[in-house]
Each structure stands twice: as structure tokens, then as C-alpha cells.
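Each of the next two complexes has subunit A plus one more chain, namely subunit B in the first and subunit C in the second.
Then we have the complex of A and B:
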């Protein structure tokens, strides 16, 4: 049985390997036409993350953020709900953590825990409104969560420009949070936040819940066929909105981890393009947590690698972003193009 | 004897779907002027073969001759031009068009279709055809207002007006009352006398015995024999049809069909009351009555058959009883406890279980494994402290069920979506019997099953009965209902009309109730 599973896994990975190679091929062609050294560019993209501790820790930091975001998408996705609101929930989690970190004072250990809890609370609260609208009035969660993203984005700016505004900065951001609200570092210099451990722990916990518990079973049953689940007594009307709220909590936790562990303040735009990358990772992995972890790591490596391109090979940032986009599009297309089967 | 050339010849037809070889080199001649009964179990390949002829599937190999010439049938439209028409189990009619308009659709093509159709002339032609065949339809009525039996006539008229040579009917007696079946059979007899060739697809031997001139038996994609009805030995045909898997002497189905003895079946007195339903009504959002004050009781050890043409509220009826829908008014009492507003889970805990009709949309969770699907509904009983799933126990139970019900799957971790329709049905049935329900609500539980498995399901239902459970058995198959029910009630326009005990079972009486002619 192990053998057949291995064969299945190999078969399933063929299209990914193929499309990644194709994407690299086209990226190489573009680089070649632009007059850059193709081979060394490839080397940069794939190995930049491992050159030194600095870039490796940077990769891990990105990985941590991407992991929480794709988990935040995947839990509702398992019950067939699309949490496009990862961005807003992440930002509100960050805002909650920043608020606690700035406005409160408490002993070191307790302060950071409260900050993280505030992040989870605000993140899930942000998902609760779409969840409620969905449960009560059948409002499509895709639309409502997108709207909540806008509100969150501008709330961050308003917050960052008011009481705790960092006047020294030209960009909307708050002053740093108290030291007591900062997560301990795993390594002082180059710095590595312990956030990565929390994200991995969350991934493990969620895997455990989804695969082995009764609620996880019902979540999966709901996602694969809500009607059948309902007919056989699963309370889908509760589970679907609940999964959205849990997703919000995870995203909020991710935001709080980045504020307490990495940025140490709330910054407008701190979500970068990670929410869409996170959703992409979850979709690629079909919501399967065992796939999300390696895929998220791979995408982090690519992200760090393409960024290094502009420094090392002097490739302009626009081209770098195009290359990254191309890679992702090809990987995504490979998912739907199942022509190799027949 | 003059050798007559067949109008259609299918030669060495192969067709494969994924891993399943549906047709393995079938050769079949179809003549005009006779009814050919194409007999076989569900999944034998009958419909597939005819779909190939009708241009819906392209054969992987093999030739099709029409009127002596090799043709490649590209589409149903092409098949119709060649004089071949197929009436599927699910009619392909536009429900808010009249019968006449439906017959007119597609009569002209290309640039000619821009010209208005002369409906009056068409109506005249149809009237002639109706007279000749004995199949009458109110042509001015919209399809959605016509009962299923009449819709079928519209389909057949559609073929006749186009002057086809070969008419293929796929399980045409599904959803007909016995009276309508008689009408259909008479019409077919009349039509073959005028030179039409009919292919009658069915899995019921007594139907081909009643109407066919010749019988062709198909099993697992192979044509095993072709007989003249007048010369046929029924036992041989049954053996060919089902193989050696069934002991005919012990078989419920064949013993029943041959109507040997009803006394062999234990006729126990009805036990104490198990389920009581009082004045159950259901209205939809627009206020239309779907179920109309239904009252009945179900006793321990009783099988209550619910007959009726599909679409008369059966689905809503079982859903209300099992709690998938809430009734607008009325009460449901399970062993004296009011469960009208109880959740499905509570009902399951109290001993109810359900086999839904629509296996794909309600029966399975496609991306869960076979093993996980087998416990859907009772999964929470497989938990330690209500939190963790005890997959060890799920696995061992699943292993047993897969073996017992012969569910064909590579292993139990295979996704349920990979199973064939018949195996999904087996899975649903296995799941239901595994819970040992006090009250089983089964809606067409044998649909799409081969005879051996149908036999097994009927056995299990009778087993539940002797264990003192009650069964509500909703089916469109009157033969099956009469075989196992202790009592049959008929569903007509959301009402439960008539209730016949076993000693008063009469096909035609039930048929009248199904058509809404008698009772009340």
C-alpha cells in the first residue's frame, strides 16, 4: 500500500515539476534576451536563500508569514468557503497586537501573550461579520471579505497616523511597541524571531485537528459535499461560518506574530503581496496542510531568490516581479491543465 | 425462409470508460417490424450500446451498418436522419413548451429553420400517428403539466412523426403505472405491425416476455445470446443474465417473480407501533402545497412500501421524516417521542437512518475516502471522548462492510468519487444497514444495482423486518415493492392515498391510485 501511495505522489508531482521547469525556461529566455547571465541567475534564484544566515533567516521570516496566511485560507477552504479576507484579518491582528503593545504595560512574558491574543481576537472578529452575514443572510463570503480588506487597510492608516504615530517617518507607521511586548529572538544577530516556531506549531495543530478529530472530519465532509454532510446530520450551517472565523483568527495571529516578532510596530502596507501569495499556496496545495508547508517554503525561497536577482545580477525590479509572476502563473496553470492524463 | 437484411447492424463494438470496459465486442442486428428486447442487469452495457448507435458515444472499435452501409454516426441529429431515435430514461423535453412545440423542435435545420413551422399541418400529421399507434396526447398542453407517462408518449410521437425506422426505448416502464405500461405495450405491438423496429432496453425479464419478439441478453459488455420469445426457456435467460452468482431457488427476486408461494414468506402480525406521523404538511416558499396532511403509522417488523410516479412528493416526504426539511405543520413521533423538530443527529441516535435517492448529490462525500464515507452520519460514534476519531475502529468496520457488500474499490483509502455508480449505491446501503436502524427510510435503494446486489439489499431489508425494525421503502419499482412490502401506500400529488395490505395487493389497483384515478 505504501508503494502505490508513493506512485500516486510521484504521479501527482509530475505536472508541478514540469510546469516549474517550463516557467524557469521562459524566465531564462527573458533573462537571456535582456542580456543577463541565465545560468548564474538561476543559481541566484534557487540558492540565494542559503548563502548566509541573513538571507536564510529572511526566508524563514517570509515563510512564517506565508504559512499563517495560507493556513488562514485553507481552513475555510476545507469546508468550501473562500476566505479572501486573509489580508484584512492579518492587518487587524497586527493592529490589535500593536495596540496592546503600545497602550498597555505588563511584565515581559504576559505582555507578548496578551498581544498575540489580541491579534487572534481581532482577526477572528474581522471574519465574524462576513461569517454572520453568510450564515444569516446568505451573503457571499468572497465579496464581504474583500470589502472587509478595504476597511482594514484604511483602519491601519488611520491608527498609524493618530496617537502613536511615528512622526520621524514619512510613511504611515506607529512608534515601536514596548520591549515587553516583543517576541523573544531565536538568534540575536542576524535576528530571527521565534514566530517561525509558532507558525509551525499552528500548522501542526491544525493538521491534527483536520485529520484526526471529529470536527475535522465534519469540516472535510462539509467541504467535499455540503448537501450530503447536511443530510447525514452534520451541522454545516454552523461549521461553515465557524471555519471562516477560525481562519480569521489564524490570519490575525500571523499579523500579531509579525508585529511582535519582526516589525515591532504597525506599518501601513506591511502585508505586502503575501495575502495573495498565501491564498495561492493554499489553492496549489488544495488546502492540504501537509502540502502547504513545503509549498510555502518553496515560494519563500523563490521570493528571496528573485529579490536577490536585482542586487546580484542587476536585473531591474520590474523584471524580477514579472519573473516571479510568471513562475506562479505556470504553477497555477499546471493545477488546472491535467492534459498529461490524456 | 427469406433472409431479411437487418436495418441496423452493430459489429464488434468496443467501448471503454477509464478502467471499465463497458462493451467488449458486441455484434447485434436490429430488424424493422419487430420488438427486440435488450435484456441485462444494470451496468451490463445496454444503454451504452444504444448510446453508441444514437451517436452519443463514439465506439473505440467496431462498425455500424445502417441499411447495409457502413456509417460513422456523429451525433444524435445524424442518427435521427438515419432513421434511428432514442428515448432516454430522462426525457429531453422543454418543460414550458407545449407537446406540439416540443415535437416541432429540430424538425428543420440550417437556413430552413428560419421559416416558420406550419403547426396546423404538423398537428394533423401527429393526429394520424396518434390514431395509428394508440398513443394519445393533448398536444396543446405544456409539458410541465403532463404526467411522466404522457411525456414519454410525446417523446415517442416525436420519433414517429419523423418517420424513424428504429425506435430505442431505454427502460421505458420506469415511472409508468401498470395501466400505462399496458398502453405502451399495445402501442408498440401496433407500431411494429406497421414496420417500425423497436429496441426495448430493460432489466426485467417479465417485460421482455410480455412485449418482445426476440430477446438479446447482455452481461458485462458481452452479448451472450439471442432468442425468439416463443422458444425461450426463462431459466436459461435468467442464468445468462445474472451468471452463476445467484441461487435461483433461494432468490427472493425470482421466487417472487415466479409467484410460487407467498406463504414461504413469514407473515407475522404487526408489532407495536414504532413511528406515528400525524397530519404532516409541507408548503414551499410560494405557498404551494408539497405534502398534504399525511398520516400513517409504522409498526415494528413492518415494511411500508410507498409507491407512486416520481415527483409526487416522495423526496420531500422522506426528507421531512428524516429531518432534512422541517414540515410546515404536523407531528412525527418515534416510539412515542415527538421528533418533529429534532435534529438529524438526534434522529440517528434514536435509531433512524436514511438511504437518499440521489446518490451523487446527497449520498457521498466525493473527496473523502471510502472508509470515511462508510461512517458518515454515525461518525461521531467513532470518537474517543467526542473529540478524536477512532480511525482504527472505522478501518476495521469499513473492511468488513466492503467485503460483505462487495464494494469494488482498490482499497478503503480510495476516494469515494472513484467508485462506479453501482458501488456508490452499495456504499450507501452498507452504511445504512451497518447502523442497524430501528426505522430505515430508503428511497430507491436498489436503483442501478445489479441483481445479485439488489437481492442482497432486499434480504437485508427483510432481515431488519425480522429483527423488529420498521422500514419505509419508497420506490418507483412496483414489482419490488409488491415483493417485500407488508403494506403499500401510494403517493399522489403530495397525498398518501390508499393503503393496501399484502393480501390485497393488486397491480392495477395500485396503478389507479398512482394515476390519481381512484382512492382518496
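Then we have the complex of A and C:
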């Protein structure tokens, strides 16, 4: 019994092992052609996160960002909607949190909660225009959410260059938010924000909602077969836009967590290429939250490692993006080749 | 500079810049339209354009300014990307939006990686010589009109010619009819002996080559520089143009003109502001094309006519094509 199960497990894992090796192989080839020492580069990429507490805490922080971003993509993705607007929603969430953190004064506990709520509100607001256009005019969400990304990027620059501009910096960014709006630290030095607890809690909550509640069931039904779901009384015309707005709220929450917990200010370009990484994580995990958590952690390890490598040897950080993208392509290919599994 | 608000000069300058800005929209939206007419919805345009721009810059830079080498490399990359896209979406029948999103990210990543590997991060980025204007004899001497319309680089004229040619081929030839039938009803086309797979590959590859060359134009037309923000949403807006243009080459030309008009307007207002001394954050104006896209999409989407089978993989053995 155990034997056959083991064989089945090995057989099932062949495409994934193959895909991971191929993706790492090609990225290694790029490193080699770029004139880098492949073995030591990979050693840095895979181990840098565990060198000391500082880099491990940084990995946890990036993990928190990537987790919220890929959750923000996957909730709409479960109902077959493509929320490529994660970036804009994240930025607007960050802007909302920064606005509250700068313009308001409130007691410590309350201030940070209002900041986070403002982030969620602005993030979901940013998704609700595409959601409205989808519900009312049938506009495809891919393009409309992307348009909102660009508008968000410019909004961040305008905000960062106006009232609370940090004049000491040459780059558009605001001055730090008040201390009362900062998330409490889990560890004082090296600092680790409690943001990671919140994003893991959100992941757990969403898992519960998707797996065990009626709304979650209807969401999955809509994604599997929208027409059948409609026939059986699921209001798909409401559910699809709603899933987009929820996604926006999650992304906005992620942005607010990063402002209140890590950057403590709004910075132009703070999203880096994490939205793309987050979307790829969600696609790799097929929108399944139980997969998203470990995959997001793995990608943040690689990301922190590559960033360390960039500082030491000037390896372009795009390598992470390419590694992850290739991994997705190879997994898609190996899963669809029928002769692999009999 | 004195404030010269001569209306005629202004109009000539405006039309001239519309023609300069129209090319990337036109080439990319034609690529999306041609691909879509064969049934493949390629949303990776933004990434393919950036890759085309990067490759064009590098190939031109390292061939000591040979533009033809630059464009050829971009076309070659377009072919490779198209074949890969086709393999995944046509042969393996994978979801076109998933593949498109992945390709957008992958191509953007490769574009920036290649530039960083070959050029690195420099204080003053290197530049290449831009395309020289091709002044058309006789007609370019017509006052105003000549300046506005007939003093552009070759790619500007070629993109218009290509729009006309693609209209002719798609709508006036037998091959074009076959081509469109593959995007409308592949099962019927297959029954009639039309090679669905071949037509779809041709459509996809033509599409990505156009997107990639559109990226070449961005580098070669005005600045001669490669930056990570050189495409700036034009690829995504071009998808909006294809939808606006009901997947028709000539309507896409009209849509491209509309968006080039908006883009030219942004820069016109900016220059007027500096002349008149009004100061608003430039970012407000820069959002205009994106807001315009949202408005246009809201206006046209209810009546949008997509090729019937766009986005759907064709499986000969599937019992119900439109389940």
C-alpha cells in the first residue's frame, strides 16, 4: 500500500521537479552568460535570507507584501476574474494609510487601526471603478484595472510631492508618519513589524471564507462554471465585481501594512516589482490559498537572496521575475502534456 | 523663447505630433487585431513592446548605430515570442489570459535584464541615433500640410501602409476570409479543410512581430534612449483600441488617431502651460490617456463586437465547441 502510494507521489511530482530544475537551469545560464559564478550566486540566492536575523526579518516583511498581493489577485481569480490592478490598489492603500498617518492625530492604538482601515477603503475604492464598469457596461477588468494602476502611480507622485513632501530627498516621498500610526514591532532590533501576523491572519480568514462559507462556495462555483452557477441561483453578476472589490481591499491592506509597518512613509515606486511577483505566485498556486503561503515564502527567500546578490555583484533583480515566470510556464507545459501522466 | 501663439503653427505642430504618436498605437493594435482575428487574444503587448524596444536599442548600439540590425533583431524576437505564445495557447490550449499575463511579466523582465546585463546602470544612459525624416518630394513643399504630414521617418509611412494592407488582406482576399473564419468559427473552418492551427500560428506570430517593432519605433523615433518606462501603458491602451475598433484594421487606425490625439494634447497643454506660466503637477495631465481609455471602454463595450471564438482554444475532438 505504502509502496504504490509513494510511487504515485513520485510520479505526480516529476513535472514539478522537472519544471523547477529547468527554470533554475535557465536562470543559471543567464547568470553564467552574464559572467557570474553560478554556484556561488545560487548559494547566495538560496541562503541569504538565513544569514542573520536582519535578512530573515526582511524576508518575512517581503513575504507579507507578496502574500497580500497574491491573495488580492487570487480571490477574484477564483471567480475567473483577472485583477491585474493589484499594483494600483496596493499603492492607493499605502496612500490612504500615509494620509491618515500624516494628517490625523489620534492615540497610538486607534491611529494605526484607522490608518489600516483607510488603506483597505482606498484599495477597494480603486477596484470598485473597474468593478462598476464590469457590472454596468461589461468592460473587461484586465484593461480597466491596468488603467487604474497608471492613475495610481501618478496619484502617489502628486501626493508625495505636495503637502508632506520630504524636501531632503531627491526622490518623491513623504515625511515619516506619526509614531502613533506605526504598527507595533515584534522585535525591536533588528526591527520586525507585526505586519506579518496581520497578513497571515488575512490568509487564514480568506481560506476560511473560501472553503467554508456560502459566499466562498458561490465564488468557486462561479469560477468553475459561471452559467451553471447562474442557473442554480448564484448571482454571478454581483459576485464577480464583488470579488474584484474584495481583492482591491486586500491589496490596499497590504499597502497600508507596508506603510505603517515597514517604510513609515509613502514612497514613489515602493511597489517595486512585487505586484508582478504576487500575480505569478497566485497563478503558480492556481489561486489556492494553501499553496500561496509556501510559494510566496519561497519567492521572498529568492527575492531577498537576489537583492543581496545585486548589492554584492550587481546581478539584476529582474532575475527573480524571470525565474518565477519561467517556472510558471514550465509547470503549465508539463501539466498539459498528457503523456507525462498515464 | 517668446510666446508664439500663432494658431497655424500650433495646428501644424499638433497634427505633426499626432502622426508621431500614432505609430506605436497603430502597430500594436494592428498586431492585437490580426492575432485576435485568428482567435488568439494576446494581452502581453505591453511586455513584448518593451522587449522589442530593449532589443532594438542593444542591437543598434552594438552594431554601431545600424538601425536595420536593431529592427531585424526586434522582429526576430517577435517571431520567437509569437511561436512560444502560439505553442502554449494553440498547441497546448492553455488559457490565453494566463499565458498573456505571464508573457507580459516575462518579456518586461527580460527587456530590463538584457539592458542591465549589456549596458548596466549608468549615470548618463547611452543613446543611439534616431531615424532620420524621409522628406517626400513635391508634397512636402505644400505650406503647412507638408510640414505636418510629409516630413516623418519611414516607419510612420510604413505603419499606415501596413494598416491599409492588412485591411485589404483580411477583408478583400480569400486568404483573409479563411483567416477570419478561424477566429469566428474554427469548427466550421476545420470542416471546410482550413488549417486552423496554421492560421492561428500565423496570426499570433504576425501580432507579436508588430508589437515588437512597435517597441523599436519607441526607441528610434524621438529619444534614442531605452528606459524602463518607455512603453508607459501604450500596449495596454492598444488593447482598448482593438476593442474600440471592433477588431477591424481601419477602425483601429481611427482609434489610434484618437489616442495619439490625446497624447499629443497632453504635451501641447504642457508646452502651453510653460508659455503661459501656469503651474499644475504634470502628473494630472499624464493620467489623461488612461482616463480616456476608461471612458472609451465604458462607451463602446456594450456594443463591442469580438471575433466569436477569440480567447477559446480549438479542440477538434471537443464535442461541444461552445459549451
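Everything below uses one rule, namely that the second predicted complex is superposed on the first by the 286 of 342 C-alpha atoms of A that agree within 3 Å, B and C clash if a C-alpha of one lies under 4 Å from a C-alpha of the other, contacts with A are read in each partner's own complex, and residues count from 1 in each chain.
Note that a residue touches a chain if its C-beta (ideal position, glycine included) is under 8 Å from a C-beta of that chain, and two chains touch if they have at least 3 such contacts.
Since the structure is predicted, the reported quantities are computational estimates derived from the model, not experimental observations.
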For A:333, decide between first (touching subunit B), second (touching subunit C), both and neither. second
Per the contact definition in the header, classify A:150: touching subunit B only (first), subunit C only (second), both, or neither. second
Tell me which partner A:142 touches in the superposition: subunit B (first), subunit C (second), both or neither. second
Determine, for the superposed model, which of the two partners subunit B and subunit C contacts more residues of subunit A. C
Once the structures are superposed on A, label A:318 by its partner contacts, choosing first (subunit B), second (subunit C), both or neither. second
Quick check on the superposed pair: does A:50 touch subunit B, subunit C, both, or neither? Answer first, second, both or neither. neither
Thinking of the overlay built on chain A, is A:32 touched by subunit B (first), by subunit C (second), by both, or by neither? neither
Using the superposition on A, tell me which residues of subunit A are in contact with subunit B and, in the other complex, with subunit C. none
Of all residues in subunit A, which touch subunit C in the complex? 30, 33-34, 82, 84, 129, 133, 136-140, 142-144, 146-148, 150-151, 154-155, 157-158, 161-162, 273, 276, 279-280, 283, 314, 316, 318-319, 321-322, 325-326, 328-329, 332-333, 336-337
In their shared complex, subunit A is touched by residues of subunit B numbered 322, 324, 343-345, 347-348, 354, 356, 361-368, 372, 376-377, 379-380, 383, 386-389, 391, 410-411, 413
Per the contact definition, I'd like the list of subunit A residues that touch subunit B in the complex. 1, 4, 212-214, 216-218, 220-221, 223-225, 227-233, 235
Spell out the part of subunit C that touches subunit A in their complex, as residue ranges. 43, 88, 92-94, 97-99, 101-102, 105-106, 108-110, 112-113, 116-117, 120-121, 232-233, 236-237, 239-240, 243, 281, 283-284, 286-287, 290-291, 293-294, 297-298, 301-302, 304
